[in-house]
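Two complexes are shown next, each including subunit A; its partner changes from subunit B in the first to subunit C in the second.
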Partner chain A sequence: MIDLDFMAEAFRRLIQGVPLTLELAALSVSLGLAIALVCAMALHYGHRGLTWPIRAYVTAFRGTPLLVQIFFTYYGLGQFRPELQALGLWGFFREPFWCAILALTLNTGAYGTEIIRGALQSVPYGQIEAARACGMTRWLVYRRILLPIALRLALPSYGNEIILMVKGTSLTSIITLLEVTSIAQQLTSETFRAIEVFVCAGAIYLAMNFVVTRIIGSIEYRLSAHLRAAPDLVALPAGGGSA
Partner chain B sequence: MNRLTQFAAVVALTLAAVPFVPRGWADDKPTSAVIGTEGAYAPWNFTDAGGKPVGFEMDLATDLCGRMKIKCSFVLQDFDGLIPALQVGKFDVIMAAMFITDKRLEVINFTRPYAIDPSGFAVAKDSPLAKAGLTGTLDLGDAATTGPVIDKMKALLKGKTIGVQAATKHLDFVKQNFADVATIREYKTTQEHDLDLAAGRLDAIFAQRTTLAATLAKPEFSAYAVAGPGFVKGVFGRGTGAGIRKKDEALLAMFNDAIGAAIADGTIKKLSIQWLKSDVTPP
Partner chain C sequence: MTASDLLDLLGPGAGGWGVALLRAALVTFSLALSGFAVGAVLGGVTVFARLAGGRAAAYAARAYITVFRGVPDLLTIYLLYFGGSAGLTAIGRFFGAQGFIGVPAFGTGVAALGIIAGAYQAEVYRGAYLAIQRGEIDAALAFGMQRGTLLRRIVVPQILRHAIPGLGNVWQLVLKDSALISVTGLVELMREAELGAGSTHEPFAFYACAALLYLAIAASTGSLIRRAERHSLRGVRFG
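Coming up: the complex of A and B.
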């Protein structure tokens, strides 16, 4: 029943959507990370005038579906064309690509904020006290102690978030972007062979996310050298060192 | 029984329970039918404020089911998933303004057409295509007449962005004829390309004339009009029919008889004028 020639053909068509999928994911994850870092640091700093708007943003974007956010930025804001034109923003909102980037970025930014805020809070207080005792300024403590440790702590959950974003790009098919999922839908409607097409599409997402997990894994490995036993010490005999 | 066989038994039972073959009839005479529709293609099929499917096709289906003395219910499904869903038995009949085409006939059967409605463009009233004054109905089977008109339209649509519903014959038509001069965007539903036309992201939309008329009647679209000729036959096949699985021959025969009767006694004409504001009764 499964036709391998057709699957190969479907695979070739679907691969053409990969660059757009990766572009959407990479751009929104990196912009989202920037938002998340700034917001998390502001929350950690804890000034009321800063925390309220950030909390509101995070609550709004974590509490509503990404699909709704994409619909809202594209079709919703599309209805304010005269106002957006007056602000000179219509060139941005006219393009489905930029609407998708905006929605994806704000979404991942909200989740990222919470991930990094949590990580900043889990940095052992003793480390910060030690840094202060050495006379480091607030900014230096951030740069040398808080952020490096927090990013290491945040990495596993941030990896999750990146994977979710790679998959989240599939929702942009509803605003006419021809990424992997919308090509899959095109193929299904042309051929009525849903199984082969979606197996291929699934395999492509799996492959992309496999690469993402490997990259996150290797960064995690490099950042946790201090948690592993040094290789030459492992070989020492028990109770040795008599000389 | 060890763990593995237990697991295998559970999996087998679960799979066996998946209801691939629907409802209250074997292959003799059906007593009920589930009708799948898109529910987003006003005025053919759409949903009222309460989410209930209404429109020309819903009224027609209710009339046909009354004639066949069977119980009918409706299920909503995105247009691009209708044929796959029919094939796996999620419903028994498609009534979703679907054109009868050779490609679709390879996988499912269609009843005789219950409507024939030309397709065309809607554009801004001040655009070149609207000012060109092209009108009438063109038979796409007759390339000698339609070819020059399409070439003329190509020049008028050069560099424009055209919105079309995905997985439709409209998309195939626009791709075949205008892909080399215009940008084509694909939408899940016609409502979405309507919104983008009003927002100014699109220069033109291509759809059935009756749905365009319903859209353009709304106040937001006062600056837009239907333009160019209406197209029939060719890629649009033999008109609009109800899709039925190939093996359900008894159901197909019943629908054909009922549609014939509804055409003969003027029911289709009456419903079509009521909902679509024009007579789409097939000859």
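Coming up: the complex of A and C.
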């Protein structure tokens, strides 16, 4: 029933979409992280003129489907071609790749803002107090105390967000980007063997997400060395004697 | 395009898409709700298999959770839609039918959303189960409660209470995922917006309108969920 030769061939074709999928995910996650850091710090700083627009941005992007956001960027903004041409931005909005990057970045930026804001809030206040008592300026407190602790606290949730983004790149197949899902669809319409093709594609995504999980896990492990119990350097004699 | 043009385009009058969009929003809502309900059943069965089942059942439950949380939702939907149609066509051919048999779009959508939501809900229920105090179960056993009574009176009510915030997140996820069902041709909110954008060449207005309707559904159901959470915590002491 299952044709292994066909599966191998499908796998070879699908693998060709992996670089684009990874490129989309890596670019949008890193740009989104920058947005998230800035927005979360602004929310934490708490100036009213800043919090209001950021809240609106976060609510809008967390409350609507990513697919709507992608279509809105690509087709919706494409409607204003003369205006965009006048602004010199048409070269950007004409390319499905950059529209996808823009939509994915703004989407993950909104989720990331909430994650990092929560992490900043859960930094124990004593740490900030101690830094102030040492005479650190506000910026120095951010750089040396708040951000390092918050980023470590945020890491598990941010790992989930990265996985959601790797999965989210599959939606860009709908605006004609040739990544893994898009190739899977092509293969299906050529061969009518949906199950084999989509099982292969699913395995590729699972493998990518497995690697992401492992990387995040190892970063988390390295950053929490001071929270683990010290290893027993000297094995105590069994039965317990005086040390 | 002026404001009154926009009102004509998206309003309820003749030539306006208002009624069609609202009806499509209703389809989106019922699609998401049915998918969420199917997911509740699947998630419940899965968490039971993972926590109380034998080794094989627990293993299968973990595999289900890992696969459907790790694979893009769009891929799951394509698999069910194209795979389901291919399966039905093969069965049809076996009985002598000719040509392609498609699966019903709404049913496929509910099944796909249910399978995805089930994997997420299983994890929510598991976390909620782990949050139950051991002492409560010990106390119930000390009273001589049987397994069924223990589940019904102590475990399940508390799982539901602890699970409400997590279930709220899954609901928002399912609601947004329902937009992906538009690829099967089912006329829900996203597809209706696409149709409107295509036939009027006003994609900006239609996708903005769809986004606002999604936001409205998300916000109103979100406030309902927060009320349910407050209600569920009315007997809990803090501090």
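Convention: the second predicted complex is superposed on the first by the 232 of 243 C-alpha atoms of A that agree within 3 Å, B and C clash if a C-alpha of one lies under 4 Å from a C-alpha of the other, contacts with A are read in each partner's own complex, and residues count from 1 in each chain.
Just so it is clear, a contact is a pair of C-beta atoms (placed from the backbone, for glycine too) under 8 Å apart; a residue touches a chain by one contact, two chains touch by 3 or more.
Keep in mind it's a predicted model, so treat the numbers as computed, not measured.
Asks: Mind checking subunit B and subunit C on superposed subunit A, clash or fit?
Replies: Once subunit A is superposed (C-alpha atoms), there is a clash between subunit B and subunit C.
Asks: After superposition on the shared chain, which partner residues are touched by A:148: those of subunit B (first), subunit C (second), both, or neither?
Replies: neither
Asks: Which chain, subunit B or subunit C, is in touch with more residues of subunit A?
Replies: Subunit A has more residues touched by C than by the other partner.
Asks: Regarding the shared-chain residue A:176, is it in contact with subunit B (first), subunit C (second), both, or neither?
Replies: A:176: touches subunit B, not subunit C.
Asks: With both complexes superposed on chain A, which partner does A:19 reach: first (subunit B), second (subunit C), both or neither?
Replies: A:19 sits against neither subunit B nor subunit C.
Asks: Answer with first, second, both or neither: which of subunit B and subunit C does A:78 touch in the superposed model?
Replies: Both partners.
Asks: Give one of first, second, both or neither to describe whether A:186 is in contact with subunit B, with subunit C, with both, or with none.
Replies: A:186 contacts subunit B only, not subunit C.
Asks: Touch test for A:63: subunit B only (first), subunit C only (second), both, or neither?
Replies: It touches subunit C, and subunit B stays clear.
Asks: So, does A:198 touch the first partner subunit B, the second partner subunit C, both, or neither?
Replies: In the superposed model, A:198 contacts subunit C only, not subunit B.
Asks: Once chain A of both complexes is superposed, is A:163 in touch with subunit B (first), subunit C (second), both, or neither?
Replies: second
Asks: Which subunit A residues are contacted by subunit C in one complex and by subunit B in the other?
Replies: Residues 75, 78-79, 174, 185, 188, 192, 194 of subunit A touch both subunit B and subunit C.
Asks: Using the touch definition up top, name the residues of subunit B that touch subunit A in the complex.
Replies: It comes out as residues 80-81, 83-84, 87, 107, 163, 166-167, 185-188, 192, 195-196, 198-201.
Asks: Can you check the complex and tell me which residues of subunit A touch subunit C?
Replies: 59-60, 62-69, 71-72, 75-80, 163, 167-171, 173-174, 181, 184-185, 188, 192-195, 198-199, 201-202, 205-206, 209-210
Asks: In the complex of these two chains, what residues of subunit C are touching subunit A?
Replies: 66-67, 70-75, 78-79, 82-83, 85-87, 172, 176-180, 182-183, 190, 193-194, 197, 201-204, 206-208, 210-211, 214-215, 218-219
Asks: What residues of subunit A sit close enough to touch subunit B in their complex?
Replies: Against subunit B, the touching part of subunit A is residues 75, 78-79, 81, 94, 96, 174, 176, 178, 182, 185-186, 188-190, 192, 194.
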